[in-house]
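Got a structure for you, questions after.
The chains carry the letters A, B and C, assigned in the order they are written, with residues numbered from 1 in each.
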Amino acid sequence: MATMKKLAVCALLLGSVFTIGTALAAGNKTIVTVVKLAGETWFTRMDQGVKDYGVKTAGVTTSEIGPGKADAAQQERLIEDLIARGVDAIAVVPFDPPMLEGVLKRAMDRGIKVMTHEANNLKNTQVDMEAFDNAAFGAHFNDQLADCMGKSGTWTSFVGSLGSLTHVQWADASAANAAKKYPDMKLVSAKNESFNDANTAYNKAKELLKKFPDLKGIEGGSAVDVIGIGRAVEEAGLVGKICVYGIGMPNDTSRYLKSGAVNGISLWDPKDAGFVMNKIAHMLVDGTEFKEGMDLGVPGYNNMHVKQGPGKGIIVTGQAWIDVNKDNLDKYNF
Amino acid sequence: MEPGYRAIGMNSQNPSRSETVKAEPEATATGPFLELRGIHKRFAGVYALRGIDLTIEAGEIYHLMGENGCGKSTLIKIISGALSPDEGSILIGGREVVLSPIGALSAGVETVYQDLSLLPNLSVAENTALSQQLVESEGRLARRIDRARLMDTAVKALAAVGLPTDARFCATAVEELPIATRQLVAIARAIATDAKLVIMDEPTSALTRREVENLIGVVDRLRAGGVAVLFVSHKLDESKSIGGRFIVMRDGAKVMEGNIADHSKSELSYWMTGKTLDVARYRHAAHGGEPLLEVNRLGRTGAFKDVSFALARGEIIGITGLLDSGRNELARALVGVNPADSGTIQLAGRPITLRRPIDAIDAGIGYVPEDRLSEGLFLEKPVRSNIVAEVLGQLVDRFGKIDVGRSRTLATKIAADLQIVAANLDNPVQSLSGGNQQRVLIGRGLTIDPKLFVLHGPTVGVDVGSKDTIFRIIQKLAGDGMGVILVSDDMPELLQNCDRIIVMRKGMIAETFEAENVDEDTLYHSLLLER
Amino acid sequence: MLKGLLVGNVVVDRQLNFLVSVNVLVLVAAVAIAGTSFVNVYNLQSMAVQIPELGLLGIGVALAMIAGNGGIDLSGIAVANLSGIVAALLVPMWVSADDSPLIFAFVFGGVCLCIGIVCGLINGLLISRAGLTPIIATLGTSMAYSGISVVVSNGSGIRLGYIEPLDDFGHMAVLGVPICFALFIAIAAAIGVALRFTPFGVRLYLLGSNAKAARYAGFSQSGLQLVTYTISGILASIAGLIIAARISSVKWDYGTSYVLIAILIAVMAGVRPSGGYGRIVCVVLSTTALQMLSSMFNFLDISNFFRDFAWGLLLLAFLQISRIDLRSRLFGKS
C-alpha cells in the first residue's frame, strides 16, 4: 500500500535526522540525561550544558531526553528503554523520586552508572548532586521575601507537585525560616501545586488573591510558577503591593521582573548543572573517587560537600545559587 | 414518441454506442422535454442501468414502476443530475447536456425525494423557496438570498398545494410540522420554481386519502400548465387512479411502457416481477380454533384505553386507524415495548404481564417492528446474526460458547423457508433489499417458536414481488396455528390478508369488520368518522 | 444484484493487515536504525512488561466503546492507582510482607481486584441505572477515585519495598516471556473469545450497533452495560496490580497520561467510538505497535514530542486505510 511505503520512508528519515548523536565512535561512553519534562525552558538550557560536556570531552557521547508530559510513568518507561539500550550512564532529574527506585536499581544491577539531581531522598542512586543545600536555599527565598514584605503579613508558597522533592524541601525550609525568624508573617495555603504549568500557577494565584485579599507575599516553586503568578499580579493591579519571589528563568521572567510584578528570582544555572551532572556520571563510569571539597571546574561547584545519602550512594552539594532581579537581568541571557 | 416496444431483458441497442450523439438540429416546442438515449450506469463493474431509452413529454404524467433493485432510484438520480451516466446521452429541449444537480435544477428538473430533503430547522417559507433561490443564485446561496422574492415564491407555491399562506405558518420551522404537512411542503418546493419536470418518489406514503386527492389536483394543474410529472410508486391502485403513462423497469432495463389505463394491475405486476401474482384475496382458509389471545380493557395512559378483543389460533386480525388512533401504541403494548398500564392480557389461557420486550419474547410473541431500520435491524451486522439475535442463549454448547454450526444451520433454514435472497448470510443485512430485510425480521420472530405474531407495517417500502412473498408467509404462519395480528394503514393489504379488521379511532376500538364483507371505502369512512 | 458483497469482512481484514504490517515495519525500522540490541532478549522483555498496563486500559476503553451509547471509560488509571494504594495501605495491616511474601502478594492482588469490581460497578450503575452519559460519569468517577487516592495516601507515594513474588510477577520471565505479559495476553484472548462467541459478546455488539433494536429484541441494556463497565474496572485494577509490581510503589497521580493513550489505542485498533464494532486482537496489536514505536524513539534519543507526532501520523494512516466509502461505489442504491 502506498501509504505504508510513505510511512516507512518517514520513519527512516526521522530516524536518520536525529541519529547524528547515535553514530557511536567505537568505544565512546554513552551518558544520557533524563529530565522531568522535554521542552520546558529550564531543561532546554540544561541541554546546552549536556551538549557542552559531550563536545569538550573526548570518549563520551552525551544527550538529553525527557517525556512530553509531567508523568512519573513516562519517565520510568524512558529509563526502562535506556537500560535495554545498554547505555553506560544515566543522569536523571526525577519527576517523582520514589517512583524511580525500582527502575534505577535495575539499571545499576545491569552495570549502568546512575546519578541523580534534585533527589536527595532517593536510595537507588550512586551520586545525587544538589546545586546547593536545599534548606539554605529555601531559607534564602524566605529572607528575600521577608525583607520585601517588611517582615510581616500573609504569604503563601507554590510547588511543581507534592512529589517534586526539591520544591517541597524549599517550601518547607522557607516556612521553617519564617516561623523561626519572622513571627509576624503568616503562612496560608502552603505548597500549591502547579504541575510545572504556568497556566495552572496563574489560575491558582488568581484564586489565592481572591481568597486572601490581604496577601502580601508569594513564593514560586517550579521555574514557571513566577510567570503565572506575575501575570496574575499584573492583572489584579497589585504590582508593587505584593512581593513575589521564586525560582525562574531570567528570559522567561524578564517581562515581570521589569514591570515589578516579580521582585526577584533565585536559581541555579541549569546549563552548569547539566554539565556537572554529566561530569559526575563520567567520573562514575571511570571509577574516579569523590572527595570532600573537590573542584568540578564550574563556578559554584568548586568546593563540593560530600555526605552519605539514604541508600548506598552519596550526596554532593555545591553553592551555586544566583539572585536575579531587574537590575542585573541583562547579565543572564537564558 | 416511439411506439411502445416490448423488449424483456437486455436492450437491443449496441451498448458501445458512442456518447457523441448528434443533438437535434433545432429544439422544437413540440419535441419532448427530456430524452434519455442508451443510458448505462455501472457500479464497481455491475450494471445498475442497461441501455435505458426514455422520453418525457411536457404536460404528461408518468409512473415509473419496478421492484426494489430494478434501477429506479439510479435512473432518477441521473435525471436529476446527482449521478452521471457511464454511457449514453441526456437531451433537454433537444440539446445534449451534461447534468449537475444545479444544472438540472436550472433546466427545470425538480425532485421530491422519499426523505423529503427538507432542512428541519429552517422555516416553511425558506424551505419552499430553497430550490428557486439555489437556481437564481447559481448555487452561491449564502451570498445572494433575496428575501422579498423568497416570500413571494413561497406563498404562491404553498397556495398551489393547498397549504396555508399566513405569516405564522410560513415562519414555522419545518421540523415542528406533522409528516403529511412536510410532504406537501416538499412538493410545494418542487413547484415553486418554473419546473418543467417534477419527479416525485413515493409522494403519498404519509398522506391520507383526502390529502392524496388534493395532491392529484395539484398534479392535474401542473399538467395543464405544461409541466411533466414523473411518479415513482409502489401503489399500483393509486397509479391507476391517477392515470397517465407508465414505464416498467426490471433488472436495470426498461421492459414495458404504455398507457396505464390500458393494462390491469396483474399485467403490471407481471412485468415488474416476471411472475404471475395472485393479487386478489390471499386469505382463503377458514379460520377458527382454540382461543389464543384475550385482551381485556387494555389501556395505556395518553395512548389508548378500553381495548378488548380476542384472537383464535390460526386467525389473522388486522388493526388499523389514523396516526392518532392509538393503533401503533397498542401494537407496542402487545409486545412489551411501551407497556400498558391497565387491563389484562391472556395468552393460551394464562394471564401475562408484558412490561419489557423480553417478557413478550418469553411468552412466545414474535414482533416485526414498524421501522425496520431504526427499530429492528442491526444494519452492519451479518444477516445470520440478525436472524438469531433473540435465541443466542439457546445456541450455546456446554462451555457457554455459541455453537456456530447450529447458528448457521438455523439461519440457513429460516432463510430458505422465507425465501430470503442473500448471496451470503455473513453479508451485512443492510445489503439486502427492503423486502428481504422484512423477511429477516420475520425470521427472527420465528426463531422463538411464537404462538402469536405481531407484524407492524410489514410491507412498508416493499416492492410488489416481495409483498406477495410476505403475504404468503403470513398466511402460512396462520396455517401453522399461530395467531397473527397485522397492524397497518395499507387497506388493500388488510383486506387481502385478514379475517377480521379492527378500526381504532382516538384511542379506542371503533368498529370491527369481517374482512370478506367490507370494502376499502367503508373502511376509510370508518377511519375518519368523527364520533 | 449488487448486494452480495462482503463489505464487512473487507474492512476487518484491512485493519488487521495494517496493524500487523505496522508492527513488523516498526520492528524492522528499529533494528535497521537503532541496532540489533533492539531485538535482544532484554529489550523485548523490557517492552513486553511495559505493555500490559496500557493494553489492559485500552481493552477497558474498547469494551466501553463497543457497548455503544457513547461508551468510554476515562477512569481506568484512577481505578488502577486507587486499587494499588488501598491494597498497599490495607494488606500490611493483615499480612507481614517479610514473613509470608507469597500470601502478601496474593492478598494484595485480591484487594486490587475487589477495588476494581467496586469501582467498575459504580461506573456501571451510574451509566445504566442513573442514565448518565458515559463520558461524564467516568470523568466524575475518575476525579472521585483520584480524590480518594490523594486523601488516603496524603498525596505522597507509598513504597512497597522489595516483595519477591510481586517483583517476580512484574519482571520475571518464564520461558523467555514475562509473566505479566503472558497474563495480559491470556486476558485479552479470554475477552476476545467471549466477545466473539458468547451470547454476552454477541449481544454487546448488537447493543452497540442499534440500541433500540436491541431493546426490542429483548436484550437488557442496563445488564449488559453493568457487566461491561465492571469488567473495565477489573481490568484497570489488574493494571494497578502490575504497576505496583513493576515499580514497587503506588501513587495517586501515576500515569495520568495513560487516559488519552488508552483511547488512542482503542481508536487505532479500529474500535468504533459509536459502538457495535471492535476486535480485541487489534487492540493488542495497536498497543504493541505504539510501545515499539515509543521504545524505538527512546533508543534514538528522539524527543517524546516526536513520538506523539509519530503516534498521530500512525493514527491518521490507520484511519485512511480503514476509510470505507465502498458502499456508494459498489451498491449505488437503486
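Just so it is clear, a contact is a pair of C-beta atoms (placed from the backbone, for glycine too) under 8 Å apart; a residue touches a chain by one contact, two chains touch by 3 or more.
Note that this is a predicted model, so its numbers are computed, not measured.
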Partner chains that subunit A and subunit B have in common: C
Average the C-alpha coordinates of each chain, average all protein C-alpha coordinates together, and give the chain whose average is closest to the overall one. C
Roughly how many whole angstrom separate the Cα centroids of subunit A and subunit B? 71
Here the gap between subunit A and subunit C, centre to centre from mean Cα coordinates and rounded to Å, is 33
Please tell me the distance, in whole Å, between the geometric centres of subunit B and subunit C computed from their C-alpha atoms. 45
Flag every residue of subunit B that touches subunit C in the complex, lowest number first. 41, 43-44, 46, 48, 68-74, 83, 251-252, 335, 337, 356-358, 360-362, 367, 369, 374-382, 385, 389-390, 392-393, 395-396, 400-402, 404, 422-424, 426-428, 431-433, 444
Residues on subunit A engaged by subunit C in the complex (per definition of touch): 1, 3-4, 7-8, 10-12, 14-16, 18-19, 21-22, 32, 38-39, 63, 65-69, 71-74, 76-78, 80-86, 96, 98-99, 101-103, 106, 161-163
Of all residues in subunit C, those that touch subunit A in their complex: 18, 21-22, 25-26, 29, 32-34, 37, 40, 42-43, 46-47, 49-50, 155-157, 159, 171, 243, 246-249, 251, 253-258, 294-296, 298-308, 310, 313-314, 317, 320-321
Seen from subunit C, its contact residues with subunit B in the complex are 1-9, 193, 197-199, 202-203, 205-206, 209-210, 212-220, 276-277, 326, 329-334
